[in-house]
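Pasting in a structure now, in structure tokens, and then I'll have a few things to ask.
As written, the chain order gives the labels A, B, C and D, with residue 1 at the start of each chain.
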Amino acid sequence: MSHIVSHEPILMKFPGTNWDEEAGALVVPTAQAVAIATWLRDNDAFSLDYCSNVTGVDYLEREIKEKITNKEGKMETVARTEPSRMDVVYHLYSMQKQTGPLVFKQRTNREQPEVESLTPVWRSCELQEREVFDLFGVNFKGHPDQRRILMWDEFEGHPMRKDYTEPFDYEWEPTPHDEILEKHQRGKVIV
Amino acid sequence: MSILGGGVFKGMVVTLRNFVGSYFYKDRLTTNDYSWRPNDKLPQRAGDYPKEEGEQLRDTTTVTNYSRNFPMLLHDGGEPMDTVRCVACQICERECPPQCIYIEKSTEKKENASGKPQFYPATFDIDVSVCMSCQICVEVCPFDAIVMNSQFELSTPNRFGGLLLRRDDLLKSNDYYHRIHPEEAAARDQRIADEKAAKQAKKMAAAEAAKNKAEEKARAEAEANKDTADAEKDAE
Amino acid sequence: MSLDLIRDILIATVPLLVIFPTLFAFTTWLERKVLARIQNRVGPNKVGVPLTRYGGRLSLFGLGQPLADGIKMLFKENIVPRDADRLFHLLAPILALIPAMLVLCFLPLNFPWINDIQDSVKAFMLDGAVIFFFAISGLNTLAIFMAGWASRNKYSLLGGMRAIAQMVSYEIPLVLSAVVVVMMVGSLNANSIAGAQAGWNWFIFTPWGFAAFVIFFISALAETNRSPFDLPEAESEIIAGYFTEYSGFKFALFFLGEYIAIFAISGLAVTLFLGGGAGPGVAALPWLSVVWFLVKIFTLIAVMIWLRGTLPRLRVDQLMGFAWKFLLPLSILNIFIAGAALHLVAGERLADLDQKQPILRQLMEGANPLVVAGLWIGALLILYVAAKGLNQLNRAKVRPREYKYAE
Amino acid sequence: MNTATAPNYELIQQDGLETSLLEISMGPHHPSTHGVFRMDVKLDGETVVDLKPVFGYLHRNHEKLAENMSYLSSMPFTDRLDYFNSMANNWAYALAAEKLIEVEVPERAEYLRVVMAELTRLVNHVSLIGFFLNDLGALGTPLLYAFREREKILDLFEQASGARMMCNYFRFGGLRNDVPVGWIGRAREVVDRFPVFLDEYEQLLCENEIILSRTQGVGNLSRELAINAGITGPMLRASGVNYDLRKVDQYGIYDRFKFRVPYGEAGDCYDRFMVRMLEMRESVEILKQALEGIPEGPVMGNAPRVFKPNPAEVYGRIEGPKGELGFYLIADGTPKPYRYRVRPPSLINLTVLRDMCLGGKIADTVIILGSIDIVLGEVDR
């Protein structure tokens, strides 16, 4: 496996960023995103000149049960509710140094998702950011040509959101298949 | 090539060689000629089979004995419903990616091949127009009740009900399975036989363990009453 | 119009109208079979006489396929785009067919029944046959553009424009390479040109004749939109070019027109360079010349089909560059070489060469073989060097590349 | 230098004659767009002035489907991503999922995975060159030679996995079933006969003057733009960047095989065509070594019966025939993935389509699109 990119120097250089240990990703405030990205790309130590994957992740309001040892050293589960948020994840690689992925995240809220577009830094983000805009509804400031890419332009709603409900299927036709689907929905919930 | 148009001539030599070759080497022609006898029409409707169930009229060289198309339910010969293997546990219905299987469990139990009363599927529909022959149901089935058939001529003029195969269309005998997929069927039967043998051996081992435990207990009691008997003798 | 004149006209024209469309059917079958075999397929073999009683079928090696296509074309729905130019949409295929058929009459096919009809009806006796040939076959370009414009479809328009550019610019090398032969024979009459090559001394066996034949053949490919030059109906770029919006019998008419044009132009090539009906055994059975004529035409068509199965298509600008900057200068140079060679070999006997006898035999008796051989190699060498020079001149350095490997 | 500035073609004003550009929509139903893909092309005569790709005609939202199904159930759907090489897609998904749980893939399965991936690479490159020649105008001959060879390999797939194209053969921790007896012999025979076919193919294509003049210097892609635009696969190596995941990540057991990675320098259509031809020869080398060294033994590791990984984020990628095919999985402890993302090499390679086509002829657009090698199942997911 190409060796992993060390993230400590970034944390020192840009105090605004912090390291999300559980996901192994560098969380970057959207204000400094373009500056950090350009520095990562042009700096000789990193030279992360290849942004392989850009995608969005939608986190709903959920409460997580964690086993923590409280004061008496006993294991007990504490329920912690996590606020809803929307992530845009970038996987950065270096083709010159052939070094491994640096996961680079921008966080924003779910109601008005607004994130800095990194297309000026890496051209490979252009179509993928359009896809995140189309399927998640995240608005990319500074994107040269932000349009829907997979859905048709008059489509409302963003299908990949967790709380997306399907519109009425006006092209529905009676098929034996849909009896089976109804019977599925009625009794058994797919585990 | 230095001479003008040399590359073009080399290319034309290749096509000439292929043109001549296709008359001599038969393996160059990949398009195999399906049977052209008009009355040898491909069997169109699912129920449109000769008595030999599931047999395809055409030479099955075009369908190798590894290809999989749509699932079928297995029964161990004789009257299909008496020896059906499926116990309607509905794991395959839950795991099926396009959700094209629908099972309704029977209310009362019935004897199955090995004599144990067992549930059986009252209805077992597979919507063949939705099934994508991915063989996930065969993998997740713990009872080897569902396997893949290689029958692909299922086109029917009736658009709605025609492609919904009911339980009776799906039921096929185990030796039909041996006929279309010899290797896989043999391997599967071998595995079932091994498991049964292993279970048998385990049961016998458990039985022996239980038996000799019982003997020891009996022997221990025997000694115990012997001791008590000696003790009473000493006491007198 | 006396009765026997009408009879003679019918005798002269009806065979042409019957023989060539059946040859068209045979050529479509030949093309599909040869292309199939090149691609390791079997080609059409299903259409045949169904023998229901024996449960079999007489497959006739697929010879029924052209018939089936013809019938299919008759029954196909004849779609005309809503705002197409209806009149010209209908007229285009007819205009594509008429000149091709018309030009067929000038080929020196002396069928056995030809000598008992009046001379005035024998078309190929026309003195200006070659000129008339090129004039009429120019109409084909007009038909194709009419189809392209009338179907109101952007792709057809592109196809039509490409057709004009291509056919106009390949007309010139075509005519110039024919001029060489006419200069040798000294007459434009197709029959006398064929006569001048009796026996085995065809013009293709002379250096300038061979060069002229190659140029003529390449330009003929471009004239009839065949293989490396099939830009007007480039499937992969502009769907089907000028006949995108044609279906049913009009589409079949276009095809008939295209194939008859191929017959006509390869017939002319055979008359000019391959000695018309000349071939072994013609002296014994005069009508054998028709058989030889058709055999030569079919060899040329087989080469065209072979090219179609192998070569990809040129781009529009390369096509134009190839015609104007390569074929044209080469054919002009070829005319000079032919003139110089004739002058050197014949010398003062030039005046008294009579047209009726084969030109080459007369030229050969006088000169000693050494001079002729030297001339032969000299002419071919000059032509080859000129071709290489022109090729380097107008095309960027294009050659296969070497590739590096990383461990 | 990251966004190539397109030459500005303004509306044509020639001595008072105001004319407009010919706007053609080359798409979704067009003979050479390799699927339902549309390009709004503005033409000035035959030269391309502007080009806007439009996607989405084959969009099935494969990712939303995968988030409502168990991990195993979305494996057959990965066959439908790039339907030309289902084994490579399966491997990419299996590789990513295996990072979520600790499972040890047995030796025989690793060897068979390399054999299947390299066979799909052969099938993909051979068919692509056939389609590329079809776009150039050679009426089907190279394509049918390619399909003749592809049939032999598809028969091998059918014998191993049961289906010719939709194999669904890989599982987390190994393969679904072992290859039948005698399969290795048949595979070795097909692999030995492949170089003979490649020589014939190269003689037909590589020195043909018409192909040379039509493809050299067409659709140039510079090194910097290729890296910046995230281009991967043979298209990147044709522009001179030596980046092949089989050598960089060395996933599976690629480090045991000795093979070379061809790369070009001009980055035009001819280089992309030739790099794929030479890559096929390297794949044959790998296949020979792999088929020699296949050990006996099981093909399925000790994967758990119900695949329920504990919460983690993982990004697995392989060197697919079209480029880097990546799977980004977020597990949250339930048997269904929380987030399932496919990194489509075809879609990202299309970022530079406009830059390469501007200024060329419409015939060049068709070839450039052909040389990028896209499959719409993967572009639209």
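Just so it is clear, contacts are C-beta pairs under 8 Å (C-beta built on N, C-alpha and C of every residue); 3 or more make two chains touch, one makes a residue touch a chain.
These figures come from a predicted structure and were not determined experimentally.
K.L.:
Comparing the two chain pairs, does C-D have more C-beta contacts than B-C, or is it the other way round?
P.N.:
When C-D is set beside B-C, the one with more contacts is C-D.
K.L.:
Taking the mean of the CA coordinates per chain, how far is chain B from chain C in Å?
P.N.:
Going by mean C-alpha positions, chain B sits 63 Å from chain C.
K.L.:
Using the average of all C-alpha atoms in each chain as its centre, how far is it in Å between chain C and chain D?
P.N.:
Those two chain centres are 43 Å apart.
K.L.:
CA centre of chain A versus CA centre of chain D: separation in Å?
P.N.:
Centre separation, chain A to chain D: 25 Å.
K.L.:
Could you say which residues in chain C touch two or more other chains, in rising order?
P.N.:
38-41, 309-311
K.L.:
Please output the residue numbers of chain D that touch at least 2 other chains, ranges allowed.
P.N.:
If we look for residues of chain D contacting two or more partner chains, we find 69, 141, 145, 148, 204, 206-212.
K.L.:
Give me the residues of chain B that touch two or more other chains.
P.N.:
8, 11, 14-15, 18, 28, 30
K.L.:
Sort out which chains touch which and give me every pair.
P.N.:
Here the touching pairs of chains are A-B, A-D, B-C, B-D, C-D.
K.L.:
Which stretch or stretches of chain A touch chain B in the complex?
P.N.:
Of all residues in chain A, those touching chain B are 174-177, 179-181, 183-184, 188, 190-191.
K.L.:
In their complex, what parts of chain A are in touch with chain D?
P.N.:
Where chain A meets chain D, its residues are 1-2, 22-25, 49-53, 55, 57-58, 89, 91, 95, 98, 101, 103, 120-128, 131, 135, 144, 148-152, 159-160, 190-191.
K.L.:
Taking the complex as given, what residues does chain B use to touch chain A?
P.N.:
The contact residues of chain B facing chain A are 90, 93-94, 99-102, 125, 127, 129-130, 160-161, 163-164.
K.L.:
Which stretch or stretches of chain D touch chain B in the complex?
P.N.:
So the residues of chain D touching chain B come out as 69-70, 72-77, 79, 141, 145, 147-148, 151, 155, 158-160, 162-164, 166, 168, 176, 180-181, 200, 203-212.
K.L.:
Please name which positions on chain C make contact with chain D in the complex.
P.N.:
35, 38-41, 154-155, 157-158, 228, 230, 234-239, 308-318, 395-396, 398-401, 403-407
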